[in-house]
Amino acid sequence: MTEPISKEALRTDEWTINMGPHHPSTHGVLRLELTTDGEIVSKARPSLGYLHRGLEKIGERVAWAQFMPFTDRLDYLAGMNCNCAYAWAVEKLAGIEIPERAEWIRVLVCELNRISSHLVAWGSFCADMGAFTPLLYGIREREWVNDLFEMVCGQRLTYNYARIGGVSHDLPPGFLEKTKEFCDYFEPLIDEYNRLITYNKILVHRLKNIGVISARDAIEWGLSGPNLRGSGFAYDIRRAEPYSVYPKLDFNVVVGHADRGTLGDCFDRYLVRIDEMRESVKIVRQVIDRIPDGPVMAKVPRVFKPPAGECYFRAESPRGETGFYLISDGGTNAYRLKIRTGSYMAMNIFEKISKGVMISDIVALIGSFDIILPETDR
Amino acid sequence: MSQGPAKRKPIKSNIFDVVPAPAEIPQNVLQKNFERVRACKGGEGIIEVGIADLFINWCRKNSLWYLYYATACCGIELMQGGASKYDFDRFGAVFRATPRQADMLMTAGTITHKMAERVQRIYAQMPEPKYVIAIGACTITGGPFYKDSYSVVKGVDLILPKVDVYVPGCPPRPEAWIEGIRNLQNLIMKTKNYGLKKA
Amino acid sequence: MKTLSAQEIFEKLKGKFGDGVVSLQTESVNPPFAVVPPGSIQEVCRFLKEDPDLLFDYLVCISGVDHKDKFAVAYHVYSTEHRHRIGVKAMLPHDNPVIPTVDVVWKAAIYLERETYDLMGIVFEGSCDPNRILLPDDWEGHPLRKDYIYPEQYHGIKI
Amino acid sequence: MEPVAATVYPNYDSVGRAILEAFPIIDFLPVWLVALVIMVVVAACAIVFILVFEGVGSLVLRKLAGDIQSRVGPNRVGPYGCIQFLADGVKLILKEDLKPAACDRVLFRLAPYLAFVGSCAGLVVIPFAVGMIAADLDIGIYYVMAVSSLVSIGILLGGWASNNKWSLVGAMRGAAQIVSFEIPVAMSIIPVILVAGSLSTQEIVRSQGGLFGIFNWNLFHNPFLFFSFFVYLTAAQAETCQTPFDLPECESELVQGFMTEYSGIRFGYFFLGEFGELFVVCALATAGYLGGWHIPFLDAGNLGWFWGNLLSLGVFLTKTFTLVLVSMWLRWTLPRTRVDQLMRMCWKYLVPLTFFNLLGVSLWLLIFDGKGIPAMIAALFG
C-alpha cells in the first residue's frame, strides 16, 4: 500500500497563454489572455482595442452626411444595417420623414445583408470548429448577395448606400427579379447546410452545453441580438420597438429552444442564426411583393443642420443592437456621436462564461458570439 | 493612386497598368536572363546560374503561401478571395496560420498604433525571402482615417522595412488582389539570387 | 406588462427620492432624461431596476459627453418586461469628473464604464475593473474630450 | 494454405550473390558490399516514392479540396497545376531556416527527422507487389507498430523544443493521442494476424489469395473482421492526426500546433512525415483487409516476374490510394473533436470494442476451424 499523495504534491501550476491579436480563429484582432491549467481555462480576459480607429471622434469632426461611409467600416459584414441605422438615427434626430419606397428598400437591403452576414458567421464558426468547407459554401452564397449589392450601389463590401433622407439610388431594373431568384436558390440551401453540418454528431457534441447563458444573465450583461435570443428570450428590436416598416411585415422572432443540450448554449446561438436566415428570406419575399413606387429621397438641404437635441436610436443588426446616441448642437457636425454595438457587449460576458471550459471551447465561444472586431473596438 | 511620402519605393502596383499575359512572362525573363549572361563575359558557368535563378524564382513565385492575417474590412475580401469565386489557390497561394511558414504578408485592414508592434513582430517572424503586399487604402496611407483618426497608422510602410506591392481600394476587389499577386510574381521573376549581383 | 410614459417614471422617481432627482429633460430629447446628482446615481439605478413597476433590467448604453464646462454621463435603460425606456443623466464638474459606478446594479456597465473612462476620462468610483480598454495602457489623454490635442507620435510612429 | 513460389521475395544476400555471378567482372567485391549497395538503392527508391507520393498527394489534396469546396485548386503551374508540388518543395528547401532564439537547438533540429523517419520506416514492410517488399520481416506488423511510435516522439520533441506554448499544447495532445490510438490500431489488426497465422505482411497478403475474387479478402472473412476494418480506419485516422482528429496541429485553435515554429524544409519534413504515415496506414489496411496486391480472379504469382509485379503493384496502389482519398474526403468534410472527447472515444469505446472483436474473431476461428464465410458458402455449393 503506497502512501496517499498529498494535495500539495499534486498541485499543478497555471500558465498564461496569449491568444491573439494574430490568431486564426479570433475573427480579427481580438486578444485573449488565457490562464489555463493544462487544457482547462481558468480565466480568459479579453483585451480589446487593436482595431480602435476612433470612429466616435471622427463622427464629431466630419459633417453628418460624411459619417455615412464610416458606418460601413463599423461592421463590415453588415454595412447596410449600419448605414441604415445611422440614417434612421439622424432622421429621428432631425425629424425627417422619408419616402415610403426608401423605407422598403432599406428593409430589403438590411435583410439581404443580414443573410450574408449570418452566412459568414456560420461559415467561420464551422471553420473554427475544424470544418473548413462550410466557410467556402457560405462565401459562395454570399457572393450572390454581393453581386446584388453591386447592382444597387456598385460596391461589394462597403456600400455607403443609405443617405440622410432616403437612399442614394433607386433599385436598378431587374434587381427585384434577381433577388427573387436568389431567394428561390438560397432557401433550400439552408436545409442542405443543416444536412451537411448542423446536426453532425461531432459538431453537436462540441457545442452543446458549452457556454450556457441564462436569459436573466444575458439581459444583465447587456447581450443583444442572436446572442440574447439564443438564451430563449424573444427580444428583437424589430418587434419590441418597431421602426421603419417592420410592423407591417410578417416574420417570427427566432429564439433558442434547447434543441440539443441546455438552453442558451453555443448550439442554440448557432441555430438561431441558421433560422434567422430563413426569416430574412421570408421578409425579403414580402418586400419584393409589396414594395411601392415613388421617390427614394426626401428633400434634405445640401448643408444639413439638424436642430439641437439628443436622440438615441437603436436598430437590430445581425450582431445585436446597433445604437446611435447623437447629440446635435445645431451645427454641421455631430456634437457627440456614441455607438453602442452588440459585439462589444458580448465580449463583456466572455470572461464570466469562459471559466472552466477547455481551450477548444474558447474558440467555440468566440465563434458562437459572432463578434466582429471593428464593432467592439470602433 | 497618389504618391506617398518620399521614402516610399517607386515600385507600385497599379491595376490600370498593362501587364503582360502570364504566358509571356517566363519567356521575357528568360530572354533577359540570356541577354544578361551574354553581356557578361564570365564564361559558361554563369549561364547555369542564370537558369538556376530562373528556376528558383519560378518556384518561389508559384508557391506564395500567404499569412492568414486580417485586421479589418479587407479581411473579408481576403476570405472571399480564397473562396469559390476567386480562389487564390489557383496561383499556388494557400493560407498558413503561422508566420513561420508564410512567404507573403497581405496586410488586410487598418493597422492601429496598438497593433503596429504586433505587425512588426509578425513580419520579423517570417523567414526570408518574404514579401509584403499592402492591401487597401488603410495600409497604404491610413485611408479614410488619415485625417481625423488619432489611432491609425498612416500606412504600413511606416512600420515595415519594405512593401513590395500596393493594391489600392477600400477594399480592393479580389480581382485587384489577384493583380497584386501577379505583380508580385513578376517582381520575383526579376530578382537575382546568384552570380550577377556584383556585375 | 404595463408601459409607463417618461413622465410617470419621473413621478415615481420623484416620489421615492424627493428633491434628490433634479429635473426631467424632455425638450428635443428622445428618450427623455431624468437628471440626478452624481452622488445618488447608484440608488436611483437600483430603484429603477428593482421597482416592480419600472423593472429597468437592461442597461443599453452609457455615454460620456463633454460639454466643455462640465461632463455629462448619460445612462439609457430599458425594461424588457414593461418595454419602456428612459435616460438617466448626471452632470459632473469638468476638473474632477468622478461618479460612483453602477456595475453593482447592471453587469453590463463594466465594459461601458471602462470605455467611458478610456475615451472620456470620467472616473467611475468603485468600479471592479477601472482600466483602459480600447487604447494602449500608456496612451496619454482621453481622446473624446473636446480639448484633446492629437499627439505627435506614439512609440516613435508618427500619428 | 500453400506458399507461392518461394523465390519471389528478395533476400539481399542471395540477390547479391546472383549479381556477382552474373557479372564476373566485379567478382572481387564481397557479397555484403553488394547487398549493402542494393539495400541503399531500395531505400532510395522508397524515399523517392514517398517524396513523389507526398507531392502528388498534396496536389490531390488541394485539388480534392477544390472539388469539395466548389473551387478550382491549383491550375497555373504546369498543365492542371500538376507540378505545383515541385514549386512548393523547392521553395521550402530554399526558405530561411529559422530557429527561435529560445528554442532547444539540438532537439529542435532533431524532431522533424524523427517524425519523418518514423513514418517512412514503415515502408520497409509494405508489400507493394507480389515480389516487391523491402524486407519481408517475420515480425512485420509488430515492426510497423514499433517504428510508427517514433512519430509521437518527434511531435513531442518538436513541440517542447520550440519553446512556444501553443506548440507545447499541441505536442502534449499529439503524444497522448498517438500513444492512445496505437492500441485500437494494433488491436484491430491482430484479427488479421490470427486469420493469416503470421506477423509477416507478405504472408498476410498471400493468405488472402485464391480464385474467389474479392471474397477472399479478410474484409469479408467474417463479420468481426468486417467490423474490425472500420475500427482500424477510424483509429488510423486518429493515429495519423487527420481531421476530424487533427488535434496536435488544429489550425483554428493552436495556430499550427507543434509545427508553429517550424519553417522551411523542417516544416517540410513534418509534412512529408504526415503523408508518409498516411500512406503506411492505408497500405497496411490494404494489405490486411483488402487483399493487398491480389488481382481479383488472377494469380499474380503465375504471370511471370515482370507482369506479375507490375500488375500487382498497380492493384495495390489503386486500393491504397482509394483509402487515402477516403481519408482526404473525411478531412474536408468533418469538424474536429475536442481532446477529451477524443480520449473518451478511444478508451471508452474503441479499446473495449476492439477487445470484444478480438474475442469474437478468436471464437469464430475456433468454432469454424479457420474458415471464412465465403469459403463456407463455396463449400456449400461444392
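Structure notes:
A, B, C and D are the chain letters, set down in written order, and residue numbers restart from 1 in every chain.
In this text, contacts are C-beta pairs under 8 Å (C-beta built on N, C-alpha and C of every residue); 3 or more make two chains touch, one makes a residue touch a chain.
Note that the coordinates shown come from a computational prediction; the quantities given were computed from them, not determined experimentally.
Common partners of chain A and chain C, by the touch rule above, are B. With steps allowed only between chains in touch, the distance from chain B over to chain D comes to 1. Centrality by Cα centroid goes to chain A. At the far end from chain A, in terms of centres built from Cα atoms, lies D. If each chain is reduced to the centroid of its CA atoms, chain A and chain B end up 33 Å from each other. A separation of 46 Å divides the Cα centre of chain A from that of chain D. Centroids of chain B and chain C (each the mean of its C-alpha atoms) stand 48 Å apart. Our note on geometry: chain C versus chain D, Cα centroid distance of 65 Å, whole angstroms. Under the contact definition stated at the top, the residues of chain C that touch 2 or more other chains are 135-136, 143, 148.
Across the assembly, chain B contributes residues 83-84, 97, 114, 150-151 that each touch 2 or more other chains. Taken residue by residue, chain D touches two or more other chains at 65, 69-71, 251-252, 255, whereas all remaining positions touch fewer. Pairwise chain contacts present here: A-B, A-C, A-D, B-C, B-D [touch as defined]. Against chain A, the residues of chain D that register as touching in their complex are 65, 68-71, 165-166, 169, 243-244, 246, 250-255, 332-341. Partner chain A is touched in their complex by these residues of chain C: 27-31, 33, 57-61, 63, 65-66, 74, 76, 80, 83, 85, 87, 106-108, 110-112, 115, 119, 132-136, 143-144, 148.
Chain D contributes residues 62, 65-66, 69-77, 81, 84, 86-92, 94-98, 251-252, 255-256, 259-264, 267 to its touches with chain B in the complex. For chain A in complex with chain D, the residues that touch the partner chain are 15, 17-18, 23-25, 39, 126-133, 136-137, 140, 197, 200, 202-203, 205-206, 358-363. The touching residues of chain A, when paired with chain C in their complex, are 48-49, 52, 54, 56-57, 60, 92-93, 219-222, 233, 235, 240-241, 307-312, 314, 321, 323, 325, 327, 335-336, 338, 340, 344-345, 347-349, 352, 377-378.
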